[in-house]
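First the structure, which I've put down as structure tokens, then a few questions once you've had a look.
When the chains are written out, they are named A, B and C in that same order, and each has its own residue count from 1.
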Amino acid sequence: MNDDKGMKKGTPLVATKNLSVHFGLGRKLFGEQKVVRAVENISLDIPKGSFFGLVGESGSGKTTLGRAILKAAPISKGRINYNDGEVDYDIATIDKKQLKDYRKRSQLIFQDPYAALSPRMTVRDIIAEPLEVMGLTSSREETDERVREIAAKCRLNLEHLRRFPHAFSGGQRQRISIARALVCQPKFLVADESVAALDVSIQADILNLLKSLTEEYGITFLFISHDLSVVAHVCDMVAVMYLGQIVELAPTRKLFSKQRHPYTAALLTAIPSLDPDHESKAIKLEGEIPSPINPPSGCRFHTRCSYVQDRCIAEPPEWRKIDDEHFVACHFADELNL
Amino acid sequence: MTSPLIKVENLTLQFKTDEGLITAVNDVSFEVAPGEIMGLVGESGSGKSVTAKSLMKLNPGNAVYSPESRITLTTDGESVEVLKLETSRELKVVRGGAISMIFQEPMASFAPAISVGDQMVEQLLLHTDMNKEKATNFSIEMLERVGISDAPERFKQYAFEFSGGMRQRAMIAMALSTKPKLLIADEPTTALDVTIQAQVIDLMKDLVDEFGMGILFITHDLAVIAQTADNVSVMYLGKLIETGSVRQVIREPAHPYTQGLLNAIPKLEHLDVSLTPIPGDIPSPLDRPSGCVFHTRCSQIIEGKCDSSIPATTVLKEGHTAACFVAQGIAEGAMSAS
Amino acid sequence: MADTTSTALSDEAALAEQKRKEAYFTAGQLQLIWARFKRNRSAMVGGAVLLSLISMGVFAPFLSPYDPTIAGRDKTYQNGAPQIPYFWDENGFSLRPFVYTYSRSRSAATNFRWVSTVDKNKRRYLELFVTGWEYHVMDLNLDLPGEFFDINIKLLKSDTHLFGVNEGQIHLFGTDSPGKDIFSRTLHAIYTSLAVGTIGVFIAFVLALVIGGVSGYYGGWLDGVLQMITDSVRTVPAIPLFMALAAFVPDEWSAELRFLFISIILGLIGWPTLARRVRTHLLTERSQDYVLAAKLCGASPGHIIRRHLLPSFTSYIIVDLVISFPYMVLSETALSFIGLGLKDPVNSLGVMLQNVTKADVLLNYQWYFIPVIFFMALVMAFVFVGDGLRDAADPYGDHK
């Protein structure tokens, strides 16, 4: 069941401050090197114990943000802080030893279940790999014990452990991925479009599994997706990204009942409803999503916004609190009635 | 009663593979009327793509059609049996002529080394009697019609210079320029962002109104069908298990699979309802269940019947049919009660 | 064909089916490759031919009745036609195969050339496991520069041969002009070619793995530099290289040493193709999700290479190795044929073909070409097996 736990008071598990991730594209001998501004100036807090949704379309930078937090993408500017009560790491300047420890506490679940599992390793070896690489167990029996335990939680039985990935369907492979991510008992999990490649009837199964496991183990979850309906069902809080920036952040119920940013509103109305007679009050967004190499000036959304004013082209909006636990980056959020 | 544009009767298709004969489509029958948008919905392994390709006999060489299969295309009062056509000359009438197809991955259907305009013109030269100049002008008009700005410029560009949404529109333009009677759209919006998807769906609806063609819309997303199609057919593991108008199937689903599918889909309007997956996994096509293909995952199974005999298609209401013993029982009960 | 509505299979059949499926699910990569390979008939035939030829080569001394070098020549039967054993002729049936006796005399009719006359009444019976010339099962005699490096290993002396005749000599494939038995020479030639191929392929393989592996895994400037080296080695033209080497190799080097040298050189110019393939494969694989998953566990590059990347191209490597073999064999043949490679007494197809260019041979002594058939069979067997392996490899390719 969904319930707004609300923002936990106290230190967030992951706190990003003015985070930017830029990728260089090729190199020209003379002249400027092209830069992809994948993530620009993001300050986001992920509360401990929350199931945090990160939503955006292509080019929004959501995957890059997730990976930057896991230190799988370079941090160009700003800070990321990880504090789970036991340790406090500054991810940008983390040293090798701390990084090794951090890897135990944070894991990633991939999108493509067919590419995420090494095809030439048995399922048992795949799940055991984090334990073996990080030296978390002292004997083979202990490793086997832990593998069996987590596999059972993900509804994989002993027979499955002896098989190779090619014997499994997409949904089953995703469960193997989840088992692998959970075996080292992390405190923080990032799921990058983990249900996007699955059939609808299986999606629900995986989502329920994720929710029950995070509740049982007290894991904080960053759920990255482009599918708003899925996010609406499983997340406590949702952050909406557009072209490298966060445009709105609120608890799920609040966001879906009242949006304060024009992009969020447009995104919601674009989702087709299962009701054939649904009167679509769709806000049609004109034009294409701009490229992150050359993002628009000022508010990056201004090229497609129906409420655009001169100020939007000149000045990037501030990230501010507009309501209880509700943040938005728009000059006119107070006046707009979306 | 006007004859249907496309009439598929008892289509059974198997593939010759290393592992033997694999049944992809089993005894499927449906009709599409002129100007109707028919949705073909199914998950992976349902055989929907294979069925669609059969309409143009586009399946690979190892495809074996059963002798009872019949696909009849009726245009301007003349009927053609598609499966009896052999040479590419005969098939030219169907492929690109009366029937056009657009695909999920637009990058895959445009040749990368030829400009988009040249490809469109080539198609027109093949199927109509326009000369090059007329074809060029008409193509540019079509590009404008699908909402591509700067059409004369875009005409000369290559596919990789277009964004995802634009490529899809260009593909629609190309498919419609030969004024086909039937457009087969194979997952046309699955790879697009949701805001772009909304634009493309609106475009397709407008074009149907203007050109009066029928569309066979293949997708796994029931919500898109709810907003776009008139009728829908649901497929599971090669069998057509339910068909009817969109309102009938979505509001009064008769087959347990359809019911399960609708329950598994996250709906924005009902955030309180938890997601209920369909238990089990989709069987591999190598492992087709005996009797009713869905019985291994069905919650309403009748022991002894559903696992041994194949349910016939029962008419539940005018235009609404389902292949299920349980539904049959309910329909018969309702009929005897009234 | 609609699904049958028959009742479920009997328990036994179901159990067998279950076992088969379980075997498929738990099959490792090599087992899957073998299962697919078995179904390919031409590959299996090629494999059988290959195995028999290899055993013929390995057991060459045992199978050859006579010493293939000058020491074992038959002075009484030079340029002689093949002698085919018979079981039956006008004089009756014999369980033991026999050959006729041949004698030579100069005949005035043919301008005083040697002419063989057959005496059908004198039979010479074939015997198995005869005693013949001495050989060592393993004989390595390398005269490397400098006294210290000389290798001289002789193991397991033996003098038993599979077959022979009670009197005189039997030449199944005939003899050449000094009288050396072509059958024995062919078998030894197969052995030599296989040995050259093995050494060459081994060297090429090790170099390709290391250079291609480092290049593909690390990328960046290291990759660029290594690629330049790879390309320059690839462009070295083989014939001028070998001509230069032929001039450079001192005469006092023994035949065996020369043979080792040729093999090493062939390996040193053969690695670029395989290296390039290894590199390409690594470049693709290292950006796969499962590699990133391993990195996110803190796996070291060594671990990733060993457990994730190397197994993924075991199948490609096997295929490449098998396919490079015939190229090595053919290169060596060509080089020896034009005199730049091996020389007598070391035997190889190229050496045997050196004498074939005279018109005399082409017109009169066609049996000199019999070894060619063997080599064609050897090369084609390799190719069929390699193709079969290539089709069978990557068994995970189309599973979605």
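Assume a residue touches a chain if its C-beta (ideal position, glycine included) is under 8 Å from a C-beta of that chain, and two chains touch if they have at least 3 such contacts.
All values reported here derive from a predicted model rather than from experimental measurement.
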Measuring between Cα centroids, what's the chain most distant from subunit A?
C
Count the C-beta pairs in contact for A-C and for A-B, then report the pair with the higher count.
A-B
When the centre of a chain is set as the mean of its C-alpha atoms, what distance in Å lies between subunit A and subunit C?
56
Could you work out how far the Cα centre of subunit A sits from that of subunit B, in whole Å?
33
At least two partner chains per residue is the criterion; list those residues in subunit C.
none
Can you list the subunit B residues in contact with two or more other chains?
none
Residues of subunit A that touch two or more other chains: which are they?
none
Sites on subunit A touched by subunit C in the complex:
70, 72, 99-100, 103, 107-108, 110-112, 114-122, 129-130, 133-134, 159, 162-164, 166-167, 177, 180, 184
In their complex, what parts of subunit A are in touch with subunit B?
1-2, 57-58, 169-172, 199-205, 207-208, 226-230, 232-233, 252-253, 256, 266-278, 280, 282, 284-285, 288-289
Give the list of subunit B residues in touch with subunit A in this complex.
43-44, 163-166, 193-199, 201-202, 220-224, 226-228, 246-247, 250, 260-262, 264-269, 271-272, 274-279, 281-282, 284
For subunit C, which residues count as touching subunit A in their complex?
22, 24-29, 288-290, 292-299, 303, 307-308, 311-312, 395-396, 399-400
